[in-house]
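Shared between the two complexes below is subunit A, which has subunit B as its partner in the first and subunit C in the second.
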Partner chain A sequence: MMPSFVQSLWTALWQDAPLVQAPFFLIGIASLMLWPGDLLIPRDQKRRWSLFTQIILGITLYLVVVTPHRSGFSNMFRIDTMTQAFQLICTVATLATVVLSKKLLDLMNEHTVEFYTLLLFTLSGMLLLCGATDLVTLYFSIELMALPIYVLVGYFRDQERGIEAGVKYFLLGAFSSGIMIYGISLLYGATGGTTTNFEGLSTALVAAMDARGTMVTLGVLMVLVGMAFKVAVVPFHMWTPDVYDGAPTPITAFMASAPKAAAIFAFAKVFGVAFHNIPNVWTFGMEYMAAASMILGNVAALRQQSMKRMLAYSSIAHVGYMMLAILSNDPNLSIRSFSGVQSLWLYIFAYLFMNFGAFAIITFLQGKGEGERIDDFRGLSQRNPWLAFAMMLFLLSLAGIPPLIGFFSKFILFKMALERGFVVLTVIAVLTSAVSAYYYLGVINQMYFRSSTGKDSLKMDRMTGVLVSVCALMVLLGVSASGWLIDIVDKIKL
Partner chain B sequence: MTSVILIPLIPLLGFLINGLMGHRLSRGLSQVIACSTIASSFVLSLIWFTRVLASPDHRIDLVVGEWMSVGNLQIPFGFVIDALSSVMLLVITGIGLLIHIYSVGYMHHEKGTARYFAYLNLFVFFMTLLVMSSSLPFLFVGWEGVGLCSYLLIGYYFETEEAPQAGLKAFLYNRVGDVGVLIGMMTLFLIFGTLTIGDLLQQVSQLRPETHFGLITFATLMLFIGCTGKSAQIPLYLWLPDAMAGPTPVSALIHAATMVTSGIYLICRLAPLFVLTPITLHLIAWIGVATALFAATMALFQRDIKKVLAYSTVSQLGFMFLGLGVTGFSAGFFHVFTHAWFKALLFLGAGSVIVALHHEQDLFKMGGLREKLPITFYTMLIGALCLMGFPGTSGFASKDEILYLTYLHSPTLWGFGVLAAICTAFYTARLMVLVFAGKPRDLKIFDHAHESPKWITIPLILLSLGALLAVMFGWPESFGGHNTIAVWLHSAITYGQTAEQEAHTLIPTLAWTLALISTVLSLLSAGIAWKLYSKGLSWEEGFERKCSRTYQILREKYFVDQGVMALIINPFFFLGKVFWKLGDVIIIDGIGVNLPGALTRVMGDLGSHLQTGRVRNYTLLSVLGLLGLLMLLLVARI
Partner chain C sequence: MISLNLVLFISSLMFFIGVAGVLIRRNLLIILMSIELMLNAANLNLIAFARQSGTVDGQAFALLVMGFAAAEVAVGLALAVALYRRKDTVQADDINLLNG
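After this line comes the complex of A and B, so read on.
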């Protein structure tokens, strides 16, 4: 009896193993890098891990692409084109972070194997999170994703701000995880302990709503709060400015893109599939949260002096826009009629390039001992015209000015929201993006119309140059490829 | 095959080099770069010209990629090389090259010529783009671009008072026309759902004349308004005479040979569309002949040598539109071709005179320069004969073909056209006589005059050869020729569609009679002008005394500029002031901008103040947020 059960379990696991080949490859390699890998590299050669990690991430990209499409692990995990698309964004963002970090770590003399392995571990969490189709897998992937980031935020141990940010992030993250797991258990109880699977919940919750309405409502709201914490939606955004500001700049760029992409995709899946049939419980609250995020994020960004804090607030606003996609998600529609998750992907795809471009420039200036304050951008156009021009492109694109890619993604998102009847929200979104132009243009004003006082011209290093150029080209030419991009996105189905 | 892209791209490269690094390059190097880029474009244009000649249907369509794809609007990044565009390309790059070379000599004493050559290269880039583009939006890019370059080059002498003003004026008049083009384009998109010229004309050929008649008429009218802006026709012609504030080679290239003819090019390009709308064609013919006559009378008593030529250009452009209006598309376009040669020649000759006299442009201070400037005189004489329509010259061939077609259409129109031709002969003869014949009127200027350097004379000689030989390509059938160019242009004008053009009956005797009448009258008027002015200024001074009112009206160009100033510009200034004081300062700045700005700032401060940095506050706020969500839900339920 027993051996046959073990055998069938083993067979099932072995059959499903290809689904998780990329995350498990990452976990395995990262573990090996810690031991015995690190012993083989002399103390003053730790920078080599950077290149090695880049190669590993390249292989991961390949593994993600070749993963077969199906469900597995008793329907707790599923890979489809949409999942792959988000996994690719996470992997590319991680790769960009590694490239971006090298210069800074060189400068601080802080290359350690831990930095890179933590990045790989968190990436494995994201890849799992993208594929999660069960509240349990969702929860543990979120934790796997979040824990290494807490450490990465406080990575520079001699910088108090970083440590403070890391601890703060950890405390609030743990708090929100608590709320979320409580919500999950309530839902599990409400269904009579039958299922935590998304598909299962979508039918089970409708039935449970009649019998145990309060329990379901409370559970759904608690999951909403937990997810809102992870993606930083008002009023659960409070950690964002402090953490973004305190973290090392490449990690800030990382947090604004990769974990956000994974978490918001999971967010869309939970609410688009599991809670899809009980919209009355959550849409109302989510609308308010989206509106509050757009307004508060953009308005608070107006008064910031620090570039990173400004971008932190602006990322809150951008998440507010992305909430529009979650609200108007209808998995049965294609992008030609603008389905939520697809325009969400497009939005994050565009955001990835603008975000990384901007942060690459901030990191570069920080490497020169300046660059965190908006004042430091004064007269950048005289010191390095190309850098200033690229920064202008990123900022204008973030503000959603045509013909840059940011305009395109925003336009599709807003159009879809309008078609779904969210008129008031879309009006708020458009108005707040007009407000956002003010602070983005403020930086451009500093770069172009103020003169720098006695600072020499800046020379770009190769890494920054390549990263900034690639991002700038994408931002500039992305719209020319819009037809092609839409074709791709159209193939992505939930 | 894709070497066609290089035709615009090489001048663009020249612009980038001269524009970005011009101040670091030596003077000679920047000039070599500018001239060689145009020369290579010219060679490429020649190659493509022969290729088009060899290709079976005389048209090569190239789609390089997609420029924009939004909804059902597809705009390809495509080029079309056919008879129309390849001839235009040859004119742009060929005459452009000569003018670039001429500029080396003309701009000899100027500082910062890199900027000048950069703009000139940029102009060639946009102009070639305009004529090669296979879709209207792309054509519009070139259309706007040449306007920009024209603005930059008119205002080239930015230290002077009138040049920047004139540039601004040109730009504004063109903007008015551009709005027309945009509206026309949108209307066409509304009707046909495409803006690619080939697809558009194919749909046009399958259209029954009465479908969409109103909309199509509206679209063509709007497009024609754009053409009146760019090609300086009534009512938007006022900018062209002022544009003479720019350097003379610029006047020759942009404001005589190429840019101002782009309106005619546009109408020829869309000829099958215009054929459907007799109303627009009538309007074009009448506006054309009115402009031709009106501008020719204004040229009669101008004292500035360049102003005479400027009004003459406006008038000749009017002739071209007259040709288009009577469905003589290839005749009109042939006049573009011949006019490009002889008018560029006349402008460059005038430039040579101006240089020789150390920047003196007043006709009344010249005189007797024939011995001093022999090459300039003989080359300009060829140009002048062409302009007058002396039998056998290219100007005769193209202008009298237009007049003949006009007569078939409406004898009244023909009458006005001949009147304009008579005026043309008069002012041309007056100009030549005042500059070259008689006794010098200002000895100080005369004594310092000298023939221009080779940089200037060689382009003049080449241009005069071109002006002479241009006639070979298109001796009209009505005068017993083969008119090779018209036959060839026909394929481009119908755009390969089978739609039948209006056939023109050939009556050689009528053609010869008409030509005889207009030529004899023109030569008579030229002879009178010669007689009157060879004795000096006494006749014109006498005329001024006797008929002071008529003279004043003609000299002051019918007071149109002053009228526009009083009736349009000043009221707008006044209105602007009112809006600025009331609308801008009080309503928009005060209530519209500062109030929301202040509100947002207060809210921003509030948001920042919530950010205490304490974890316990954040947690509290989160719990409050959860409770708030529950409250919301309860409120919503009730």
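After this line comes the complex of A and C, so read on.
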């Protein structure tokens, strides 16, 4: 018997509320920050919001950890260890962004409460997206995540480049979500209007495949296109370099880690659970996209002059590797087998630190009034040896050079893919990551073997120092802590 | 009762007009309208299938999509205004600082 409306409302409000405590806490606090919070802080004191936001994010971390494990809201939302692990990555990345932004916002004299509230809103979208187990919740949390980011990209509204990047990102993002929602409506129709739940779809779609094959195929492919736009894989990557280039650097660092982690986890869940029983429809497309991203991302990064554009193309390549992890979710095992997603988590975890470390250094140099071109790194080792050393660590780790964490995560991912029989894709992945070493080493060459002409030594400020040191430590100790990391990853199960 | 195939035909027509509008037209506001058309095509589908199955899930989803469309337009128009203030244009072809 269907529960009555009052009954469902009661369950949603009382029993299921703890499941969404972290995102709802964020939405509540962010709304209060806008009003009346902002009235209490005088105009020249807005920088205080930075510390306040950091405290809020600390509380969010705690709330994410203590969330109970179960599904709720009529099976539309579910928290488990895997979800929590991805939620933690998103929260930590947001925290790092807040820390990183402070200096830049000081410099531009652009501290406003809106910057921080937008970050909190987008984080709440990500936390919901990680837990989504229904196409409805998936779609809406993706939008809640994306809308504030469009604004954040164009945050410096007197800089033409930022606004152009924002408009571009908005148009392509809205276009892709239009495609995705149409795909979802087709899937909903193909099941006879009965379910949009992942678990429900996994059986309903097999039955629908006989009766309405075209509708199912079109729907799945449209959802694939929509998700591919969000995580930026070839051939839906056109916006990435422009948007990464035009956005404020801390926001670029943010976009490359947190929304990507949440979206790719949702990607893995949609295709690993909902479309898991009809692999013939989407496997080929995904294999093609993974291979194309790895090749095009790495080759296009070779000829970039701007550091931010280079990292944008390298992020496309890294998403290609992550697609490999989604593919190696073994479709023959039960739905609960998520070992591919475990290696995915490890990969994103490692990527978070390498990525944030590198962007922290770029932000710091920009703050000193220097450019973001690769030439501007010339002779960095003479000007600040520690900074150059840390940058070298991040770049080598991105390239996947042995004793660093980047090698470790890549190795596990490739091994997994090989065991699942994706030999050609793994060979492409290994070859392209050898290509990637070329452009990463190019930057290291500039830093160590070219001399800077007439520039003084650089002094690091405390915040950048702490952030860079933490990231460098994680990258360095990754392998010595590998046993411990594997233990953690082992605990991450559905 | 109108047949489901007819609804599907109309909604796909709306959807492709929307896609074509996004790809062909260069005015930001018209692109925005075309995106709305795509969302409304999906809404039509959702409502028709919900009616067919006799449940209200699809209709509730359509209501949510409308709410989302409003939020999206708010952000999109704000960005368009910011662009117009800087560049005195809302043509997509003039967004060319970052090409390459």
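The rule we apply is simple: the second predicted complex is superposed on the first by the 475 of 494 C-alpha atoms of A that agree within 3 Å, B and C clash if a C-alpha of one lies under 4 Å from a C-alpha of the other, contacts with A are read in each partner's own complex, and residues count from 1 in each chain.
The working rule: contacts are C-beta pairs under 8 Å (C-beta built on N, C-alpha and C of every residue); 3 or more make two chains touch, one makes a residue touch a chain.
As the structure is a computational prediction, the values presented were derived from the model and not from experiment.
By the touch criterion stated above, A:R303 is placed in contact with subunit B alone, subunit C being left untouched. Looking at the shared chain after the overlay, A:K168 reaches both subunit B and subunit C. By the touch criterion defined above, A:A85 lies against neither subunit B nor subunit C after alignment on the C-alpha atoms of chain A.
Contacts of A:F284 after superposition: subunit B is touched, whereas subunit C is not reached. Of the two partner chains placed by superposition, A:L393 touches none, neither subunit B nor subunit C.
Once the two complexes are laid over each other on the shared chain, residue contacts for A:D242 go to subunit B and to subunit C alike.
When the two complexes are overlaid on their common chain A, residue A:V151 makes contact with subunit C while staying clear of subunit B. Using the contact criterion defined above for the overlaid structures, shared-chain residue A:V475 touches neither subunit B nor subunit C, since it reaches no partner. With both structures placed on the common chain, the touch criterion links A:I181 to subunit C but leaves subunit B unconnected. On subunit A, the surface touched by subunit B in one complex and the surface touched by subunit C in the other have residues 168, 171, 175, 179, 241-242 in common.
Only residues 136, 140, 143, 147, 150-151, 154, 157-158, 160-161, 163-168, 170-171, 174-175, 178-179, 181-182, 184-186, 188-189, 192-194, 196, 241-242, 245-246 of subunit A touch subunit C when the two sit together in their complex. Residues 168, 171-172, 175-176, 179, 217-218, 221-222, 224-225, 229, 235-236, 238-239, 241-242, 281, 284-285, 288-289, 295-296, 299-304, 435, 480, 482-483 of subunit A are the ones that touch subunit B when the two sit in their complex. Contacts from subunit C toward subunit A in the complex involve residues 4, 8, 11, 15, 18-19, 22, 28, 31-32, 35, 38-39, 41-43, 45-46, 48-50, 52-53, 55, 57-58, 61, 64-65, 68, 71-72, 75-76, 78-80, 82-83, 85-87, 92, 95, 97-100.
Every residue of subunit B that touches subunit A in the complex is listed here, in rising order: 66-70, 600-601, 603-605, 607-608, 610-611, 613, 615, 617-619, 621-622, 624-626, 628-630, 632-633, 636.
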